[in-house]
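For reference, the structure is listed below as C-alpha cells.
As written, the chain order gives the labels A, B and C, with residue 1 at the start of each chain.
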Amino acid sequence: MPISLGELATRFGCELIGDPDSVVSGVASLPHANPESLTFLASKAYKEQLSSTKAAAVVLRPDDAPDCPVAALLHDDPYACYARMAAVVCPAPTYAPGVHASAVVDDSATVAPSAHLAPRVVVGERSSIGENVYVGPGTVIGPDCEIGDDCRFIANVTLARAVSIGKRGVFHPGVVLGADGFGNAMSPEGWIKVPQVGGVRIGDDVEIGANTTVDCGAIGDTVIEDGVRIDNLCMIAHNVHIGAHTAMAAMSGIAGSTTVGKRCMFAGMGGAVGHITICDDVIMGAQSFASKDITEPGTYLASFPAEPAGDWAKKVARFRRIEALQARVKKLEQK
Amino acid sequence: MPISLGELATRFGCELIGDPDSVVSGVASLPHANPESLTFLASKAYKEQLSSTKAAAVVLRPDDAPDCPVAALLHDDPYACYARMAAVVCPAPTYAPGVHASAVVDDSATVAPSAHLAPRVVVGERSSIGENVYVGPGTVIGPDCEIGDDCRFIANVTLARAVSIGKRGVFHPGVVLGADGFGNAMSPEGWIKVPQVGGVRIGDDVEIGANTTVDCGAIGDTVIEDGVRIDNLCMIAHNVHIGAHTAMAAMSGIAGSTTVGKRCMFAGMGGAVGHITICDDVIMGAQSFASKDITEPGTYLASFPAEPAGDWAKKVARFRRIEALQARVKKLEQK
Amino acid sequence: MPISLGELATRFGCELIGDPDSVVSGVASLPHANPESLTFLASKAYKEQLSSTKAAAVVLRPDDAPDCPVAALLHDDPYACYARMAAVVCPAPTYAPGVHASAVVDDSATVAPSAHLAPRVVVGERSSIGENVYVGPGTVIGPDCEIGDDCRFIANVTLARAVSIGKRGVFHPGVVLGADGFGNAMSPEGWIKVPQVGGVRIGDDVEIGANTTVDCGAIGDTVIEDGVRIDNLCMIAHNVHIGAHTAMAAMSGIAGSTTVGKRCMFAGMGGAVGHITICDDVIMGAQSFASKDITEPGTYLASFPAEPAGDWAKKVARFRRIEALQARVKKLEQK
C-alpha cells in the first residue's frame, strides 16, 4: 500500500530527513531497493551497503544518518520500526467474508459472519470461529475448538480437537494442534495407550511455523501464553507450558510436562527434557538441551560446532581416552 | 462414560478400599480432581499431592493406600491399570458408519460397511478399508493400500501408496506413510533418482504421532512390527525394520536399511545411522545416535546436557586443545 | 514395463553377458529376486549374496562378472546404471489429463491441458500449472505460484504463495513451500512480526521429501538450484540459497540467509547456523552443524556416536573437570 514518508514518520515516531511527500510502495533490502522501496539498516554488518542504495528511504539509527544517500527515517530500534512500517506498506491479504461452497461446517459449529472459510475447510462439532478469522484451504478444525478473532490459518492446518486460541494468531501450513500426546504405560502385553483427554490453550498474538506440532494434554491442558513465536518443525509435547513472548527457532522440542518461562529463546535443534522447569529469560544455544531445572536467567549451551573431520576424529579419540589421561596425571602427581 | 468403582475393581483386578457404588465420570490429576474424577499415583514425586486430592478414587500401589484420603483402587502397576480404566471412563469417540458425500473413493477400492469416511477423504485405486475404520477429514489413502479393522486416521494423514496396516492402528494428523525413500545415485550429470518400488508394512496396535514420516522401501518393504509406538516428527527411512513394542520419542530418526530390535526405547532427537542392526531391549538416550551395530541390551548415550555458556565455552576451549594436553602429559612422563 | 536385456544393454551402454531376448519386468534385491527381476551389485558388502541370486540379470562391475550365476549387465557405475534402468522397468505412474470435479481452480489461474489435477486440489489466484504436471489429492497451490512442466506433487503438498518451480520436480506429501520465514523484531511490547514478502525459487530436477519445509524469503527469495535433493523433515529457512546438486538427508536444517554451495552433502540431523557461507563440495557429518563460514571443501564433523551409558557418563564426568585436569598438568610442569 503506497504511503508517504511523512505519514510513516508521524505514525511511527521517527524523525524524517527527506521529502515528506515521497511515497514508498514496497520493501526491499539495501542493495535491491528501488526508488519506491522502504528499506532499513539495523546491523553494522550491512553498513557498507548503505552508500549505494537506491531506496526511497532507509530506517536507521540517528548515528547512521550522515552516511545515508537517500531519505532517512531515524529510530533507535530500526528493525522493530521497519517491521511496523512494513506491515503497513505490505499488509497481510484480506478476504471477503463467507464460507466456500466446498467447506463442510458441522451444524453445531458457529462461524462469525466476517470470517472467511476457504475451499475444502472442515469445521467440527461445537467449534466456534471468531470475527475476521481466515481459515485457509484444506484446514481441518476438529470438534470443541474455539478460535479467537483475527486468527489466520494459512492452509492445510489441523486442529485435532479441544484447541482454544486467542486473538490474532497465525498458523502456517502443516501445523498440528491438539493431537494425542505420547502417553504409554508398559505392561506385560506391551504398551497400553493412556487416553489423552486434555486440550491445548493458546494465548493472543501467537505464531506457529509450518509442520510444528503441539500435543494436547494428557490430563489438563498444554498451554502457550501470549506472544509466543514458534518456528517450523518444532515439537511441544503434552502438558508443556510455554511462557509469554518466548521464541523457539526451528526443530526445537520440549518434552512432556516441562514449563518454560517468559521471554526465553531457543536457537534451534535443541530444547528440554520432560518434567523440568526453565525460568524466565533463558537462552538455549543451537542443538543444546536442558536436562534439569534452570533457575538462573542466562545463556546455556551444549553443542560443538563442526570442524574438519580429521581434527575432530583426533579429539574424539583423545576424549575416548580421557579417563586414562586423568589416571596418568594422577600417577605423575603421586611421584 | 460413568462407571462405578466396584465395576472398575472387578474388571481390572484391583482391591477396592471404598464404596463400590461410587461413580467416576472423568479423569484428572491429583490436584485438579473433583468428586467425580478417577486419578492415579504412580510416581513418588507426586506423593505429596495425595493427601489433599478431592478425587472420587485414586489408583495406587498397596503401600500408598494408608495415605489416601479418598477411595483407593490398589494395583501393583497403577499407571498401566489407570491407562486401562481411563480407556473405559473416557472412550475414544465412535462414528456412525458411512461415507461422507464429499469423500472420493475410487471404483476399484473397497470400504467395509462399518467404516466411517469423513469429509474430503480420498481413497485410491485397489485400496481396501477394514471394518470400523475411522478415516478422518482430509486423509488421502493412495493406491494399493490395505487398512485393517479398527484403525483410526485422525485427520489429514497421507498414505502415498502400497501401505498395509494391521488392526487397531492410530495415525495422527500429518503422518505420511509410504512416500519415496531418499534413493539417489550420483552420476556426472548429477543425482539420478533410484525408483522406490517397495511398500510399508505395519503390524497391529501401532500408533504413529503427528507429522512423522515412514518411507516406502527402495526394494522390499519398510516394516514396523506389532505394538510399536512412534511419537511426533520422527523419521523412519526406507527399508528400516522396527521390532515389536519398540517406542520412539519425538524427533527420533532411523536411517535407511537399519534394523531395530524389539522393546527398544529412543528418548528423542537421536536415532541410528543407516545399515546397522540394534538388538532387542536397547535404550538410546536423548540426542544420541547409534553409529554401528549394537549387540548388547542396555542404555547408550552420546549427549551433553546444556550448562551456562561461560562454563561450556571454557570446556570446549580445553577440549579443542586436548591433543596438546595429552602431549604435555606424555612429556612429563618422559622426564 | 517388461523389457529385454538386449534393449537395456543398448540403451544404457552396458556389455551384456547372457541372452539378449531374456525379459525383466520388475526389480528386486539380490536375495529376493526372481527370474523376471533386474537387480544390481554395487557394494562389496553384498557380494556374498550374488552367488545364490535367482534374478534374470544383475547390473554389476566387470570385475564381479565371473561370480555372477545369471545374466550380467556390466557397467563401471552399477548403482547409477541400475537407477536409470529401474526408471524404465518401473516407470512413475502416468495420469490422464484433466481436472477432477472436486478441484477448485481460481479463475485467474492457468492449467496446461495436459496437467492432471486430482480430487480436492486447490489452485490460487494468478498461479500457473505447466504441461504434464501431476497435482495429487489435497494439494494446495496458493496464489502467485508458477509450476514448470512435468512436476509431480504426490498428495497434500502446500505451496503457501509465490513459489516458482522449474521442470521435473517431485514434491512428497506434507511438503510446505513458501510459508512465512521466522522474522520477529523484539520490542518492549513483545515480538513484532516482520512481514515476509519474498518468494521461493526452485530450479529443475529438484526432489523434496515428506514434511520438509522451505520458507519464503523475508525480502528477496529463498533459492534452491537445479538438481538438489532434500530428504524428509528438513528445514530450509528464509533467504537460504542451496547450490546445485546438493543433497540433504533427513532432519537437516539450514538457518536463515545461509548460502550452501554446489554438490554438498548433509548426513542428517545437522546443518548450518544462519548468515554463513558454505563452499562447494562440503560434506557435513550426521548431527553436525556448521557455525561459521566453510571455505575449504571436505568433510566436517561434530558428533559423538553413542556408547554404553556407564562409559559415556565417566567420560562426561572427566570432561566436566577438564579445566581442573589442565590446571594439574600445568602445576606438574611448573615443578
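In this section, a residue touches a chain if its C-beta (ideal position, glycine included) is under 8 Å from a C-beta of that chain, and two chains touch if they have at least 3 such contacts.
Predicted, not measured: the structure shown is a model, and the values here were computed from it.
Asker: Interface overlap for chain B and chain C, more than half of numbers shared or less than half: same or different?
Answerer: different
Asker: What's the rotation, in steps of 5°, that superposes chain A's Cα atoms on chain C?
Answerer: A turn of 120 degrees brings the C-alpha atoms of chain A onto chain C.
Asker: What is the distance in Å between the mean C-alpha positions of chain B and chain C?
Answerer: 25
Asker: If a residue has to touch 2 or more other chains to count, which residues of chain A qualify?
Answerer: As it turns out, chain A has residues touching two or more other chains at 102, 120, 138, 156, 174, 211, 233, 251, 269, 287, 304, 319, 322, 325, 329, 332.
Asker: Of all residues in chain C, which touch chain A in the complex?
Answerer: On the chain C side, the touching residues are 102, 104, 120, 122, 124, 138, 140, 142, 156, 158, 160, 174, 176, 179-180, 182-187, 190-195, 197, 211, 213, 215, 219-220, 233, 235, 237, 251, 253, 255, 269-271, 273, 284-285, 287-292, 296, 298-302, 304, 314-315, 318-319, 322, 325, 328-329, 332.
Asker: Which positions of chain B touch chain A when the two form their complex?
Answerer: The contact residues of chain B facing chain A are 26-29, 32, 39, 45, 77, 79-80, 82-84, 86-87, 90, 92, 100, 102, 118-120, 136-138, 154-156, 170, 172-174, 205, 207, 209-211, 226-227, 229, 231-233, 244-245, 247, 249-251, 268-269, 286-287, 303-309, 312-313, 316, 319-320, 322-323, 325-326, 329, 332-333.
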